[in-house]
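The two complexes that follow have chain A in common; it is paired with chain B in the first and with chain C in the second.
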Partner chain A sequence: MSVISKPNLALTIGKYLALACYLAFALFPLYWLFKISVTPEKLIYTDGIALWPSEYTFDNFKSVILLTDFLVYFKNSIIVSFGTAAITTIIAAAAGYAFSRFNFRGKKVIIGIMLITQMFPLLIIIAPIYKIIAGLGLLNTLTSLIVVYTAFNVPFATFLMQSFFDGIPKDLEEAAMIDGCSRFQAVRKVVFPLTLPGLAATLGFVFTAAWSELLFAIMLINSNDTMTFPVGLLTFVSKFSVDWGQMMAAGVFALIPSCLFFIFIQRYLVQGLTSGAVKG
Partner chain B sequence: MARIELKNISKSYGNIEVMRDINLDFADGEFIVLVGPSGCGKSTLLRMIAGLETISGGDLFIEEVRVNDVEPRDRDVAMVFQSYALYPHMDVARNMGFSLEIRGEKAEIIKGRTAKSAKTLGLGALLERLPKALSGGQRQRVAMGRAIARDPKVFLFDEPLSNLDASLRAEMRLEIAKLHKRLAASMIYVTHDQVEALTLADRIVVLNEGEIQQVGKPLELYEQPRNLFVANFIGSPQMNIMKAEFTDNRLVLENGERLEVDVSLALNEVAHFGIRPEHISIVGVNEGHAIGEADVVERLGSDSNIYVNVENIGQILVRYHGDISLEVGDKFGLKFNLDRSHLFDLNGMAIR
Partner chain C sequence: MSVDKLTISASDLGRRRTTGKIKQIAEPYLYLSPSIILICLVIFTPLVIGISYAFQSMHLFNPGDVEWIGFEHFEKIYSDRKFFIALKNTFWWTFGSVLLQFSLGLGLALLLKQGFHGRKVFQALIFLPWAVPTFLSALIWAWLFNPVIGPLPHWFVSLGMLDEPYNILADPDFALFGPIIANVWFGISFFAITLLASLQSIPDEMYEAAAIDGASKWQIFSKITLPFLAPMIVITVMLRTVWIANFADLIYVMTGGGAANSTQILSTYIFTTAFKKLDFGYASAVSVVLLVLLLLFATLLLKMRQKFVRVN
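Right after this comes the complex of A and B.
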């Protein structure tokens, strides 16, 4: 009897079809980005909505690299995103561990305050943030962005890390401590290796958030030297025209670091996002 | 191996005192079992000895050294957890050698000690496996191997067998007993299973609601329970407890039966009469201390448990050795072996 083991063909096809539809929907804008970036400027409007331009060129990429400040924006964004991701993850891991393992006075209050910071639309606090940063003399610096992004991402990242630590039985640390570890050693030797998926997920989340942030970057950065990528993209928009080809080419470049980063962390990430779902 | 002394140990969480006046003295090489219902504080006590819980009051000595404020890692104790707490990212060999690794032992020494304890527990073929590739029984063995490889002063066990199925539990129980014999090490073992307690222990500590009820050798607790709690807790099936009253210079049960017990005891204080199921025999209807009707008969092969309804007293459990030709509804007499009976006062304390 193979009633159960025989896969339902229609169902399987349907599943793949649904997935294909979703993928097409999700990836089409990216495809369009790429398509425009390889379309010669003269054809952008005349070619209409053909799926592939009648001629293609890599001139846009060349001019983005050679004729614009693109590389500067790119470097700035890398510094800001990696800086934010690293600092946020370190703080979040420490705070998450404390929330997960220790009971201390004011714990609930701190968690409450952290939640409150996540409740307001960013727009409301842009003015005060600007004022603070200006007062500190940090306008037009990458440091200002790292500080602000870190402040905004720490609460969520902390809750994320806390849930990962909660998933690691306390017994393991206690066993390690009885086996001869100090608490710090127990964390380093036993808890840390088991939290790698969590750390990767947090890093990835914060990195992408910082990489694509526009609002604060536009408010706090004016000088061309310290512009991050999203702000830099806007320089392709001039008063009279938009240089679509170059803008799209720059956009394609912008995808590269995120893609590389996610390829690097994805094996941890899949574990991380499913951890706690099943007893492991 | 070590002598362990607990002096007036207490434990509080905030203002709530959960344990008080714990005074115990464990000899070198003794196998001590802490037993009691869940929430009685037995695990907390074990964790205080391990150093995983702070001690709120009193002093704890291991080998004459006060260790209240000594870190767990410096107490030289090994602990087997109920969850086994194996390190998931390390193979069996590294799990067992982790403590030696942390203490900076040489690789050859670690390897030798790990191999030796693996051999003791029959884990030789599994040394390179990760914990997730092991069965429950194998994990349990690795957890024990991890403790043995360390050669600690004291072994602590926190309900180590409660996650195993019944047959495996019996097997591991035997192995722990052999292990204790071979290592002659001090062991403190927490369980709620009285069979484990009675079979493994040199001495048992019965705890309830954070207080020691009785400390003694296994059969001592069975034969001379100090109070009603111990009488009920030790022995399976449970002791039958019925109300008794002292009137007209006689001890009288609620069914009017007068009991011929030792008159040298302070019988005027008696409030409860206790008799174990195995100390009641089935006799003709008018020959015993009570007349009952069989309600349920459980045939276990080696024994039969007969639940008997007795008028004015309630249900009494009788244990009969072997099979018995009784049917539900049969009437018969119950004869109590009064030499083996127990008397308790109004506060539940034994009268001896």
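Right after this comes the complex of A and C.
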């Protein structure tokens, strides 16, 4: 809430108009997903471009839950995504803090290495990773997915955390350290509360990235018990002759955890915690 | 609080470090060790093995038939017309997506920074596209562009953009717009969230001081907001660019590179080569070329960032 904004009718209307456009753009495709999921199969093409089908049904949702292994996929995805998000954020917070607060030999090399991990098409390492995971006997385990996802998400999460730490003045923890805190105490008591929005954003990003990852999940998992959600969605295309309604219903379910997660973390995104703390 | 106090100069840090003890020298490496070990084991070892495939003749389903062929694949790339088409498409796909995602994301972050009624609900809804699995987003958008089951072609006709409702994904002149729009839809949140988080770390005092000094809105934006955001902008733009250049899923599901190769980008070309032609060696060689190109781009951008930070 900046002090500079003066009430100005035209500007206010423009602002709300812009917000409405953003909202429509973001939500319309999701509305369409929902619309298809409640359309009875016989009407999918005949009511194809109608904004709302002439009849609607929730059978698709029912059959997804009762007739498919959807709940198993769902549980697997939750385990993998939470595991990945939590482990990645801890590892990345430590690394990001090191980048932000220390100058040390080899810093540039390590940053360079982390950047390179983001730059190649995944295909180039799929075959080698498959061989390694198979060699370790970890094929078809959720552990293999968590390990691989964590490794791939750590570099970005580290840069993100680094920039959040960069935004917190060094003076804050130095003052605490002069007052007799160890670095760990200073970080825990002074820096950590200020980084909450950053931690939340990082958790959110990694969670959703892991939630929708498809390529590794296809390659490393082929048992039905350990399949994750995106792979499960694909089975709607291959196993049955593409049941669009059911697939879209499953898609609606797929949105729920990510939505809950976002609603949970956005509390931290909203609070301008940092600005409050620097005042002192 | 003044700007000087917030910026930490590198030389200052360096001086303090040299007076430290061994324990302090080892400290950053300790914090970094989990990530370095993980990355070396899970990414770099397979990467080196994968790069070695580029120099071997290697077809997926006869694994016994592997031999070293030196740079033969790279010579083949040089005369591969499809490669150069894909290269050009990669450029437009990446440039278009990043530019739109960034500008719309920045706009959204600035809007969200201001208060308005119902902001919490709005914010929860506006970030939803990011949470949609890519595969599903691609399907939804493929539906939306289809004149039989999606409304978009009909809207385009009403707006006078098309003469008749047809699927632009099948039109070589426009097909690339389809995945770009889907990608923008999916990626605005990324920029909005990261930029909003750094916007919120700008101390209010800076704005208050500027307002007292009678600075105009544009001055405040260009002299306070942008410089504060700059490091975050460079990092996010760079990462997003390399991600999008490598991002095959949306295009693969929506068009399969289709409408006469008009949406074939390098990363989808790599997939087609590997999984349809089963030529893993050549696919790896193309991947190596893409990696080198992205490395050059990132180096350039980081050089620019260094210059910028020094001026600051």
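Following the convention adopted for this analysis, the second predicted complex is superposed on the first by the 242 of 280 C-alpha atoms of A that agree within 3 Å, B and C clash if a C-alpha of one lies under 4 Å from a C-alpha of the other, contacts with A are read in each partner's own complex, and residues count from 1 in each chain.
Everything below uses one rule, namely that a residue touches a chain if its C-beta (ideal position, glycine included) is under 8 Å from a C-beta of that chain, and two chains touch if they have at least 3 such contacts.
Nothing here was measured: the structure is a model prediction, and the numbers come from that model.
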**OP:** Quick one: classify A:I125 as touching chain B (first), chain C (second), both or neither.
**Re:** second
Original post:
So, does A:P169 touch the first partner chain B, the second partner chain C, both, or neither?
Top reply: both
**OP:** Using the touch definition from the top, say if A:I218 reaches chain B (first), chain C (second), both or neither.
**Re:** neither
Original post:
Of chain B and chain C, which one contacts the greater number of residues in chain A?
Top reply: C
**OP:** Could you say whether A:V190 touches chain B, chain C, both of them, or neither, answering first, second, both or neither?
**Re:** first
Original post:
Is A:A151 in contact with chain B, with chain C, with both, or with neither (first, second, both, neither)?
Top reply: second
**OP:** Kindly classify A:I78 by the partners it touches after superposition: chain B alone (first), chain C alone (second), both, or neither?
**Re:** neither
**OP:** Name the contact category of A:L138: first (chain B only), second (chain C only), both, or neither.
**Re:** neither
Original post:
Is A:I65 in contact with chain B, with chain C, with both, or with neither (first, second, both, neither)?
Top reply: neither
Subject >> Touching both chain C and chain B, counted on chain A across the two superposed complexes >> reply: 169, 171
**OP:** Spell out the part of chain C that touches chain A in their complex, as residue ranges.
**Re:** 1, 5-6, 8, 10, 13-14, 17, 25, 27-29, 31-32, 34-36, 38-39, 41-47, 49-51, 53, 60, 104, 107-108, 111, 113-116, 119-120, 122-137, 139-141, 143-144, 147-151, 154, 185, 188, 190, 193-194, 196-198, 200-205, 207-208, 210-211, 217, 220, 231-232, 235, 238-239, 242-243, 246, 248-249, 266-267, 270-271, 274, 280, 283-284, 287-288, 290-291, 294-295, 298
Subject >> Residues of chain A defined as touching chain B within the complex >> reply: 169, 171-172, 174-182, 185, 189-190, 193-194, 280
Original post:
In the complex of these two chains, what residues of chain B are touching chain A?
Top reply: 50-52, 71-73, 77-79, 81, 83, 85, 87-89, 98-99, 102-103, 132, 146, 150
Subject >> chain A residues touching chain C - in the complex, by the definition given at the top >> reply: 1-5, 15-16, 18-19, 22-23, 25-27, 29-30, 32-33, 36, 44-45, 48-49, 51, 91-92, 94-95, 97-98, 101-104, 107, 110, 113-129, 131-132, 147-148, 150-152, 154-156, 158-160, 163-164, 166-171, 183, 197-198, 201, 204-205, 208, 211-212, 214-215, 229-230, 233-234, 247, 251, 254-255, 258-259, 261-263, 266, 269-275, 278-279
